[in-house]
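Quick heads-up: structures coming right below.
Each of the next two complexes has chain A plus one other chain: chain B in the first, chain C in the second.
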Partner chain A sequence: MTEKSNTLNIEVHHVTRIEGHGNIVVRAKDGVVEKVEWQVPEAPRFFEAMVRGRSWEDIQTIVSRICGICSVSHSLAAIKAIENAMGIQVSQQTDRLRILSHYAEYMESHILHAGYLVAPDLLGQKSVVPLAASHPDLVKTVIGLHRLGNEWMELLAGRMTHPVTFKPGGFSSLPSEAQLRDLQQRLVAGLPELEKLAQAVLSLADRLPAFTRDTEYIGLVDGQSYTFYHGAIGSTDGKETVPVRQFESVVNEYVSPQSTAKWAKWHRDSYAVGALARFNLNAAYLRPQAAKAAKAFGLKPKNCNPYFNTVAQLVESFQIVEHALEIIDAVLAAGVKSETPKVAPKAGEGTGAVEAPRGTLFHRYAFDEKGICLKANLCIPTNQNHANIQKDFEAFVPQIISRDPQEVRLLLEMLVRAYDPCVSCSTHFLDVKFV
Partner chain B sequence: MPDIHMRPTVVIGLGNTLMSDEGIGVHLVRALVVRANQFPAVDFRELGTAGMAVLHTLAGRRKAVLLDCVRMNEPPGAIRRFNPDQVASGKVLPGFSLHEGDLLEILALSRRLGEFPGTVILFGIQPASLDVGDSLSPVLAARFEEYLRLIAAELDEYAS
Partner chain C sequence: MSNPRVAIFDFACCEGCQLQVVNLEEDILSLIALVDPVEWREAMSDHSDSYDIAIIEGSITRPEDVDRLKTIRERAKILIALGACATMGGINKLKNNFDLKEVRQAVYGAAAGMAHLNTEPTRALDEIVKVDFKVHGCPIDNRELGAIIRCLIMGKTPVIPTYPVCVECKKNEVVCRYEFNEICLGPVTRAGCGARCPSRGFWCFGCRGYAEEPNVAAASDVMDHYGKTVEDLKSRLTLFVGQQEFPP
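On to the complex of A and B.
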């Protein structure tokens, strides 16, 4: 970053060798903003090419590798799409256990986001590593909750990530009733830890910037629950809902000369997906402790402060634990039944949608009569949020342009972090210099 | 839930198997699992791109061996054995997203939390290709058995 007497020039660039991360570019002269851009290269579409020609039985394994954070969401969206294409029905037990698995991913992702990305900002640290020295109790709470999420995932999905138990039609292996009871006890024990984390963030909540911009929020709705898994597509801009098979009519991807990534719009020139969107659409259906947490933060629908996405994630963390406890009760009451999914492929096209932690995720596939994938279309949450980040920047930068350049930079970085974009998940290799 | 059968040594395979050589760590750990009975004191874990799972998998171990694709300015296919203190990260991350990962930072956090195993060894393999594809490049595929021998030797003290 450079600063001249009357010129503000902020460039947060991540030089990448593979596929690119987001860049922030701000230029202003004499207090007048000349350029504000959130730049992101097009998210990789090559996974779609990768599943073409592959068997319906291999799709979940492949797409679970797209992302180390959202591997359950990708797996479930794919399996729902396959089942939709082939007319496969699943049992109530499968439905419940899938939702339970999905919540494990939420636990991991939301806790990490609040604890690893946002808490260091609020506490003036560069990352979680120095935070572990300055605030060891907070970091221990975060890691304990994340570890619980990992073990929860391992129990249901067969692995800490990249699930191996999910199949079209059901599960290849099931948890025992004793394991579910154990999980239930651990989740009950986790609630006070979650409360600790929420209290820690609450004590810092006044450091969340007070920026609001009226925004359209989009997510799954079913009119009866705080859904992450079922439902149609709803918007805060209207009561109409759209079936997930018509998701393209919601996403409306378009190219903007300002951006290298495609943008999405429905009723306006941008919209947002993610925790705050789900809260704004479904807050009426929160469980008691989740509703209490929202109240403690003063979070009410419709909240249009993107920085409060993190608060909505904390509220959702209570929601998933409370609902998970109910699901386990229901599964145990019915008794865990051994089920062997027996399904045969058939030709067809199907769509699946779930709420990934970062927002609504859509998968669509077409298969031939042998179950070979003919085409695929994956629409990830981050792509739907890019235009909204840009619009937030355009509204926010003029409000803060007179502040110290370092502060402007931090506020914009925090804004991007609030959305927690999925900017590069496919390569994680180490890059080292020997010292 | 908590792994009461946790063995003292863990071998962790990292990487994305959809990006050719990026997945070398996962391919290697899968090959080692097949001969796991030679190493009764060793757990084998395929953690893919779940960076934070590494933190949890290290906790409670005496020794960890991490297998990963590493850019280290060596010829494609080169393998190097090193410990985390011998290297510095060349990554510049903006910290926008959980999706950015730096294994060295996770190892630093493990150390800070007092969970770091007594011995942590990395086997880094310089990629020849990071193109989309679920198989290794011919360069790495040709040396696969050599990699396995080197890693197995690292585990020999625990062999039956």
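On to the complex of A and C.
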């Protein structure tokens, strides 16, 4: 960093890849902010164009590859859209096991984010590696929980990344009752470990910057649960909900010259999706331990501090484990029944939405009578957050511009990281160029 | 002798293969004891221009990627392609089936002309530079990666199966997907994954690329037996192996 005649230039450069190769650019002169930009120059991959001409049976295999971390969410959103287009009904068992698989992704993703990425920030380290020496117990807890998420996923989805058991209509293979009971035991054992992680973060919570900006939060709501899978689109700005099939009227995408990713706005110039949004919309339906964790952090709806997204992720980690235990109970009570999804393709258009760990994810496809995909529209959570990150920057930078440039840089990196745009995205912010 | 210096880089991809490295959990620490990680943007802030082994994930889709890849090649003694995107272009190659102007139009509409949305046909690493070793799969199998790195460090050549997935599948005593009237790419796909997908009731979609010894005769026997043709295979073959020709 050089400071010439009170000019401050911060450029956090070419920092990452898909869903978040991001740059931060700040320019200020004599304490006056001249330019604040959150740029997204990721290499575009054109999935919406690439699925055209592919069979309905191959769609989830393709779109899963949009993101290695959210591959279950992408597969499920696609399958829901295909089922919607072709009028395919699934059994209650399939529904439950899909939600159970989806939670495995939450475990992997939230622990990765809170444990590997945010904890080092709070402890003043540049990565999780030095923590292995300074905080061995914490690292052990994080690795154990992450491993639990992976094994959970492998059992239900057939792999740790890019599921192979999901098909329109059902599953290609099912876990046995014994395997489900074993998973249940391990989840029970995981709860105290989660508690340890939450305590560790709680003891550092005062290091989360106190920045708030009134924001519109959007997510799925069903009026009766903390939903990640079913429901319509809700907003903290209004009581009305919008059916998933009309998602385009919510996201209002536009292309910004700063970005290869599309941006989104609904009632205001920008909105946020993700754990904090879900919490702000659905906190009333949290399970007991999740509610207790929220209370311990003083997290109450509506919270408008983006740095608290990480806390909301921890709260959700309890929620998914508690709900997973109930789901397994229900599946076992009914008995695991083998089912062979037998579905025939049909012409039509359909939409599917799920809450991915980073926020609401929408897929829409149209098919011809043979089930060949004619067109697709995919709306990804990280993209919906980009405009909001920009607005946060615009509000926050003037408040902190007089501080030490290193600190400004760190606070902005932490802000982007709080949105959890993607694993590499976040860590890449450590690679900073000062002009 | 000092440990080999290892750097990890990524190009256009989903990052799932790097995630498999993270998924090694505790084992990653024992691997790190054998090597000296000097650059891994994903997990470290350090940056280095000098390394012995470069591990690269992702495909090449932009002119600036080509220059960066060539620079990495010049600096590295050993270059490893990590995952289908890097070894054969992977899912990104589907794009090459379309006119690229039209692809940009389809995704970005009127804004498609903006310079930063530029794209080129997808290429695998070895279409541009020499690749010393390929770790197959979408995603890779992290145990296989660990074994390969250990081999390379000991100066041995890692052994990757040249036979098709069907061989592993038969060992697992799985009912063949063709019995369910499905198209499975097992007969022509390189083994090494333990027939992961057929073992979970899903067809092989070819994520490890063509087997060197695909046993074409057996494959066409399977096709004949179940009344399928090579044409039936082709649509699914395009998913991961791009526009490569069907093996003779």
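Heads up, the rule we're going with is that the second predicted complex is superposed on the first by the 402 of 435 C-alpha atoms of A that agree within 3 Å, B and C clash if a C-alpha of one lies under 4 Å from a C-alpha of the other, contacts with A are read in each partner's own complex, and residues count from 1 in each chain.
Going forward, contacts are C-beta pairs under 8 Å (C-beta built on N, C-alpha and C of every residue); 3 or more make two chains touch, one makes a residue touch a chain.
Keep in mind it's a predicted model, so treat the numbers as computed, not measured.
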Would you check which partner chain A:Ala366 touches, where first means chain B only, second means chain C only, and both and neither mean what they say? neither
Once the structures are superposed on A, label A:Gly158 by its partner contacts, choosing first (chain B), second (chain C), both or neither. second
Tell me which partner A:Glu413 touches in the superposition: chain B (first), chain C (second), both or neither. first
Mind working out whether A:Ile400 is in touch with chain B, chain C, both or neither, as first, second, both or neither? neither
Pick one for A:His113: touches chain B only (first), chain C only (second), both, or neither. first
Which holds for A:Ser172: it touches chain B only (first), chain C only (second), both, or neither? second
Chain B versus chain C as contact partner of A:Leu325, first or second or both or neither: neither
Quick check on the superposed pair: does A:Ser55 touch chain B, chain C, both, or neither? Answer first, second, both or neither. second
Classify the contacts of A:Leu183 with the two partner chains as first (chain B alone), second (chain C alone), both, or neither. first
Intersection of chain A interface sets (partners chain B, chain C): 15, 17-18, 46, 49-50, 62, 65-69, 71, 112, 116, 126-129, 132, 143, 146-147, 150, 159-162, 422-424, 427-428, 430-431
Report the residues of chain C in contact with chain A in the complex, numbered from low to high. 10-20, 22-23, 25-26, 29, 41-45, 47, 58, 61-62, 65, 90-92, 94-95, 97-98, 102-104, 106-109, 111, 114, 116-117, 119, 138-139, 196-197, 200-202, 205, 235-236, 239
Going by the contact rule at the top, pick out the chain B residues touching chain A in the complex. 1-2, 14-19, 22, 46-53, 55-57, 59, 68-73, 82, 86-105, 108-109, 112-113, 122, 124, 127, 130, 132, 134
For the complex, which residues does chain A have touching chain C? 15-18, 41, 43-46, 48-55, 58, 61-62, 65-69, 71, 112, 116, 126-129, 132, 143, 146-147, 150, 158-162, 164-165, 167, 171-173, 255, 257, 259-260, 262, 375, 422-424, 427-428, 430-431
What part of chain A is in contact with chain B in the complex they form? 12, 14-15, 17-18, 21-22, 46-47, 49-50, 62, 65-69, 71, 108-109, 112-113, 116-117, 126-129, 132-133, 139-140, 143, 146-147, 150-151, 155, 159-162, 179, 182-183, 186, 413, 416-417, 420-435
